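Lettered A, B, C and D in written order, each chain numbered from 1.
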Amino acid sequence: MTTGAGAGTHPVHKAMASHTRPGDLPWVPWAAGHFIKLIKLNPVTGQIILFIRSVPGAALQMHFHPGTVVVYTVQGAWTYDEGWVSETGDVVFEVAGSTHSPRMVGKEDTIVFAVIEGALDFVDEKGQTIATENWQTFLQRYHDYCQEKGLVAAEITKF
Amino acid sequence: MTTGAGAGTHPVHKAMASHTRPGDLPWVPWAAGHFIKLIKLNPVTGQIILFIRSVPGAALQMHFHPGTVVVYTVQGAWTYDEGWVSETGDVVFEVAGSTHSPRMVGKEDTIVFAVIEGALDFVDEKGQTIATENWQTFLQRYHDYCQEKGLVAAEITKF
Amino acid sequence: MTTGAGAGTHPVHKAMASHTRPGDLPWVPWAAGHFIKLIKLNPVTGQIILFIRSVPGAALQMHFHPGTVVVYTVQGAWTYDEGWVSETGDVVFEVAGSTHSPRMVGKEDTIVFAVIEGALDFVDEKGQTIATENWQTFLQRYHDYCQEKGLVAAEITKF
Amino acid sequence: MTTGAGAGTHPVHKAMASHTRPGDLPWVPWAAGHFIKLIKLNPVTGQIILFIRSVPGAALQMHFHPGTVVVYTVQGAWTYDEGWVSETGDVVFEVAGSTHSPRMVGKEDTIVFAVIEGALDFVDEKGQTIATENWQTFLQRYHDYCQEKGLVAAEITKF
């Protein structure tokens, strides 16, 4: 007995795209020399969509990713010292379980657009986690910054 | 200049697990000989978590998956005629882009627990899609069934 | 009895990032007026990372997504006619189950960087799927193009 | 100008399901009172598919998840002390960013089937991470155990 599902009409439950103009959102200070502009945080899956802006010469402490990261370089140049430099227009794909320390090597600010699954764990030289950033800590940073500056926080966890 | 993030305390934005007793949810008729019991539908990512129950000898029309599927066999036995039979306690992992037609080979009803990313497309012999099932069509089936039976639908799209 | 895991040192199984210079990869003709530059295709999960370039005034037939899509506009301007225009630097997030038809509204070519989970289904006015694009069809297009042009295909399915 | 993609035939790049009989794989000791049976580890995305078996009364140290977890209870009973007990056949969905300590409350061993995205971080009372488990550390535990017992490790990272 082989049976098929009934003829399909497409979905009645509405699903709409959402558009964000980054100019409407603030650069929130993160580690010294680095700023984040959060676009979307998914409180179910932990997906983080954001821009990171870093001043020339800045590095970010060694960190570990439990999930994937896709990075598009909007401006500037940076490296993990793994044999390549990511310049404007380049793409870096980071697999789950990778550990690295980005270092800015451009003359202007470096800006990247990134899609991070889950979190990043800052680690010390022994590989011990010293701090974790995820949708919750990023959301807290954003809300704290908005409160401090008298800004109305956008609903970046709504889809 | 290497700079770290401030010392991390863990999240203030609450995140709780949710527990479902399948006995509280109905078996909704699907294709003839098959029933679905929806546990969670994620309207952002399209993830579908459900049980499928199929009567002995039932087959399901050939279908294609755009994303992954993880299947744990709770009861009974089934096959894709790819050289194995999945029996109680076995696990099948289906990669994105796989196409197959499950066929029940046990003497009792077969019940599987599945985590489906995205959708399944029923296809004809030429590989042409004739119907698509995703979070929206499954939700519609569930709501229609609840309305018909006078049941209060559970909030399976909330996390 | 509460028991913890042993003290963790970080991973011994190596996990490295991969860097892609889009200038090294070709623009492969897609629908008329549209070109794709594939960066990574994940044959397990179906994730597609690519650039799409579209000539001024081009539209793409109505399509449905079983999974999420994140779109960063690199150049130009486009719209789904849902009340916004995505210009250079903007981000669009598309939830699973969304259906739409992009239309280019800039004076130059529009280029977007996109992370697509799973597939896109082209649909007719009745919502019936007429063609599906996923990691497999995109890979085929890329390999066919490389063969036609005498190019060596990059290993875009390796991570 | 509206243009469609060419008529779609379905994929030529093969994609097959893989079937695992858990009886063929060992229970690897984990924290005291807990054993893991790994089914699949995805070294790109970090997805972990496994069974966990825990002796009556066992608890697992408080831990945090950067991604989602889906848990199906195969046998026994357990709780996070959040107001419910998960018994045989029940499903628990854990959102990204949740922190909890499972406690076994059945009279027999508890066995769960779980799909974990990314990792779990064991944390102390202050929320500080003391150890992380991900695809790499689980793979190492499996390989170490196979070596110790003279077993041939299955290729659980292949799909």
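In this section, a contact is a pair of C-beta atoms (placed from the backbone, for glycine too) under 8 Å apart; a residue touches a chain by one contact, two chains touch by 3 or more.
Everything quoted here is computed from the prediction, not taken from an experiment.
Any chain touching subunit C that also touches subunit D appears here: A, B.
When the interfaces B-C and A-B are ranked by C-beta pairs in contact, the top one is A-B.
Farthest from subunit B, judged by the mean position of CA atoms in each chain, is A.
One inter-chain figure worth recording: subunit B and subunit D are separated by 18 Å, centre to centre, where each centre is the mean of the chain's CA atoms. In terms of their C-alpha centroids, the spacing between subunit B and subunit C amounts to 25 Å.
Annotation: 29 Å between the Cα-based centres of subunit A and subunit B. In subunit D, the residues that touch at least two other chains are 8, 10-11, 13, 15, 42-45, 64, 95-97, 132, 134-136, 159. Touching subunit A in their complex are the following residues of subunit D: 42-46, 64, 66-68, 95-97, 117-119, 121, 129, 132, 134-136.
Put simply, subunit D touches subunit C in their complex at residues 1-8, 10-13, 15, 30-34, 42-45, 57-61, 101, 122, 130-137, 139-140, 159.
Per the touch definition, subunit B reaches subunit D in the complex via residues 8-11, 13, 15-23, 39-40, 49, 64, 69-70, 72, 74, 80, 82, 84, 86-87, 89-100, 113, 115, 123, 126-128, 159.
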